[in-house]
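Across the two complexes that follow, chain A remains constant while its partner is chain B and subsequently chain C.
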Partner chain A sequence: MMTVIYIVYSAVCFAVAAALLVVALHRACKARIAARSERLLAQRYVRMITALLISDEGAPMSRFAFCGRRGAKSVLARALASVSRSTCGDGCGVVRRIMAANGVEGWLLGRARRSRGYGRARYLSMLASLPVSVSTANFVGRYAGSRNRHIRFWAMMVRVVADPAAALYVLSTYPHRFTAYETAAITAVLRRGLLPLACYPLLTSPSHNLKALGLNIVRMFGMADAERFLMDIISDDADRDDVREAIFAVAAMHLPVTRGEIVARVRGMSLSERRSLCRRLACEGYSASVIMRLAANRDRHYMETLVASYKRSLVCCG
Partner chain B sequence: MRQVLIVGDSGVPRDMVAAAAECAGCAVVCVDDMAQAAADCKRGRFDRVVVIGSAPFFDGRMSVGQLRPCGLQRPELYVIGWHQSEHTVLGLLEFGVNQYIAFPVNLRRLCRKIGAPIFRGI
Partner chain C sequence: MLWIDVLSVLLSICSVALTVCASAYAAVLVRGENRRRMFAEAYGAVCDCAGRVGISAICTDADAEHIADLLRVEYERYEVIATLDSVRNPELLSELVERYCLVRVDYHPAGESAASEVRRLYRSRRRHFRRLVVADVVSVTPEADADAALYVAAYDYVMPVGRNTELRPEAVERMVAEMCSAPQLPHEVYASSGAELSLFMRDDIVACGGFSSRARRFCRRRDRLRIAGVLATDKSADSGARICRRTAIVLFVAAAAVAFRTDIWPVVAVAASLSVTAAAVLCVMPLAAPHLRGADAFAYAMRDFAKNLGSYIRFSADRFQ
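Moving on, here comes the complex of A and B:
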């Protein structure tokens, strides 16, 4: 009797384990097929959007294929946002017509409203990549005071992109300091030619955020003409962060860093800031004698080794 | 019909450049990395190679000589990347790259550039 019970028990266990395995395999296969079809759909949408952007004939846009399918609108929104981030020029009208024909803007807005935390920030960042209407920008204004810094930043970016004429005002009245990532995100929009901002007025602005943006532009484009403005910030500015960023900008452009103003400011820096600057100088290819003038006494040996290592790697690469 | 090889991880930039090349009337082949591109360049006769990203040229493993036999002008090598610093661009051009195009790109201009006649040399 016990043997029969044991056999039945083993058979049931085996059957349950096999059923669970089959279910897990089925789910894995289904997820894989879904991911593959999503990838193919994204590829198809990117190609369609690109072709429309190249051959813009101003004709009314029809709804994209498979757009009614579950998950297709998310794929289309991502494809539109990615293509918009990587392109510049006069394609805003086409993107706007694609969005209107497929209801992308309303869908993204609805998703942003229903999501929380980083999910909402993600949908807002997609909206900020697209040419949205002013009514959308007004709607997302409610997230400007969010506790999540990503949400409030991307809500601000939606407002900036929707109304570029007011960009300077919106950026300067943003109540929090931009992080490096946020400054880079604004610069990426600027590179697409969407914001009417000039660099030099940003450098002389009293707002820390606008100054940080100006310094980022100088570093990114290697604008050696801005040297005068950088030296003004280094010698006169009271904000330590601005001064540090200005010195880094000078180093990024390979301008002389042993001037009196810069040396005086570097001496006032904390040890970690000084070390970070010296590492940057070594990375940019400044000579050991220059770095030694700026490095703290206790760091000199470390800097010598660091410079030697950078030089060696440069020679090897050549 | 011009033969164009596009090198880059699969993703939106590669699909976008491939679509632009197709709009320019080119026959497009896409590969994932430079090793595959070098092997394809040895086998096939591509007119243009478009590399998405400048990183493959900075690690010292890849040289233009692996894509284009020494002394020849073909295939022409275009690089599309996010760098805009003068030093980086000059470095790439001195390395033998024919054109550097920075993101964000104007798709119509990119289409014209990829579909332009090949420079045959003097």
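Moving on, here comes the complex of A and C:
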């Protein structure tokens, strides 16, 4: 009996090993052949897309060369995504027509449907970089309840990019808390000029996600006139993360940090958080007297020496 | 002959367990690669995360080329703190001063340590090397040098980088993307494969007395973030090809001896399991050893698998205790 088990097990194992070896060999050959040709093709596609963007938008669009080849659609999709990220919303019509002529949108949707996990999230993130249609956004709505947070986030981003007018509604109804990376990804789309979002309504919104996005925008664009809203958050908000981000936004814009509300909040922080903030302030160039006002008595020596050290790039002595 | 039957069954069970572990290792690496590619498609977002995470890379006993490698990182909130002993190695200091236009600057230890071992501190006058800080220390041990650099660090996270450790392209960006994707910023980040590369929260290390402290740190599991994949490679390490060859010869001789003494089929079963293990590792070889090719890459991947297996067994043993 044992011998039979050993024989069957060995046969199965050798079959699996042979299959794995074939896969490994196939991948190695493919990688060696495809790497160079894909790089050249990507350069060629980027040149073609750029030429089409520069030329008249109304020119007739034909299928790109080599687009029927294996792997070429992936290269074209990546080229279109990278060009779209750099055009700040210009030439969306041209990109849309290229996608329609080459079937890129359908191909990406198909790949997203067939993939799983992070592979699906990757294809969805590529879709979110392109000017996709509303029907595509409706299709990816099925991934909104995915257990993988990256999939559900990028599915939401596809909906936001497909219909920017409804972006505020989609963002505010997203049921999960945004991570820093997700907030940054939305800000990157906003910076391209694709989202018609006003900053101040975000800062006064009761939604944590919208408030976090508003704070990120304020910090990114250095909107010093949002100081009043930041002070409201610092003085009234119960969420410690929002308060911390608001204080960091104030510091990033080099606004005064010695107001009573800020000092009270900073003194309520943990030692580690307070020191982290003070290091940041010292790096931003705040003076010793300003930072000392934020410190409790036992921290004063630390703050004093910290500023002296962190301004080391300014004080040359030899 | 009972004992030899028991032994062959035990060997078979072990080889099956090894095959399962190799499959899990391959699956984790493939998953990590998919994750890397996902972040690579949206790296623009990492630039906007920069307000959150700042990283100070610490290198002790580094040479000029290694410092130049570390300065190639393009992440915004990043600095390199290199320590050297100008008494033992005056040539290196003069080379760095000339190459990066270093100037001596003030340094006041910020009450966290006496840090008396820092003789002088230098920074570059060149705009594109402002992120370089050179600390001239009285070198005692590499850990003490790392402590001196730790107290100089300006950012919230420190990343000790060994002299022979070479960062993979976009390693720092990947770390930041992974950290900012977590619901809470982790206290410690480490790579599962390749050369040892970890990122620690600065205040945690300071609180436990620095790198040279004997007090062992226990970071809670939920505060640690493990990145599946290779973030750094070891320039000097032997790929392990020789060890792999020797192991294969020993295994072959043992198998022949066992086959001679007893039935051949248990030996065939163990060989089949080992072949699946080797094939699984071969499949993920480009992910585990991206800087090597051929037999060296395979040996490096096998060694990485063994290292992961060992660390998992140690971790399980710790939990069991």
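The working rule: the second predicted complex is superposed on the first by the 264 of 318 C-alpha atoms of A that agree within 3 Å, B and C clash if a C-alpha of one lies under 4 Å from a C-alpha of the other, contacts with A are read in each partner's own complex, and residues count from 1 in each chain.
To be clear about the criterion, a contact is a pair of C-beta atoms (placed from the backbone, for glycine too) under 8 Å apart; a residue touches a chain by one contact, two chains touch by 3 or more.
Remember, predicted model here, so these are calculated numbers, not experimental data.
When the two complexes are overlaid on their common chain A, residue A:Arg259 makes contact with neither chain B nor chain C. Using the contact criterion defined above for the overlaid structures, shared-chain residue A:Leu21 touches chain C, although it does not reach chain B. Legend: residue contacts after superposition of the two complexes on their common chain; A:Ser10 is shown touching chain C, with no touch to chain B.
By the document's definition of touching, of the two partners only chain C reaches A:Tyr302; chain B does not. In the superposed model, A:Arg97 makes contact with neither chain B nor chain C.
Contacts of A:Met220 after superposition: both chain B and chain C are touched.
When the two complexes are overlaid on their common chain A, residue A:Arg122 makes contact with chain C while staying clear of chain B.
Once chain A of one complex is fitted onto chain A of the other, the partner contacts of A:Arg274 are absent, as it touches neither chain B nor chain C. Residue contacts after overlaying the shared chain place A:His208 against neither chain B nor chain C. Touching more residues of chain A than its counterpart among chain B and chain C is C. Residues 85, 188, 220, 316-317 of chain A are contacted both by chain B in one complex and by chain C in the other. By the touch criterion stated above, chain A contacts chain B in their complex at residues 42-43, 46-47, 50-51, 53-55, 79, 82-83, 85-89, 91, 188, 191-192, 220-222, 316-317.
Contact residues of chain B toward chain A in the complex are 12-13, 15-16, 18-20, 22-23, 58, 60, 84-87, 103-109, 111.
Contact residues of chain A toward chain C in the complex are 2-3, 6-7, 9-14, 16-18, 20-21, 23-24, 27-28, 31, 78, 81, 85, 117-119, 121-122, 125-126, 129, 149-150, 177, 179-185, 187-188, 216, 219-220, 248, 252, 272, 275-276, 279, 282-283, 301-302, 305-306, 308-313, 315-318. By the touch rule above, chain C contacts chain A in their complex via residues 9, 12, 19, 31, 34-35, 37-38, 41-42, 44-49, 51-52, 103-112, 120-121, 123, 130, 152, 154-156, 177, 180-183, 185, 203, 263, 265-266, 268-269, 271-273, 275-276, 278-280, 282-283, 285-286.
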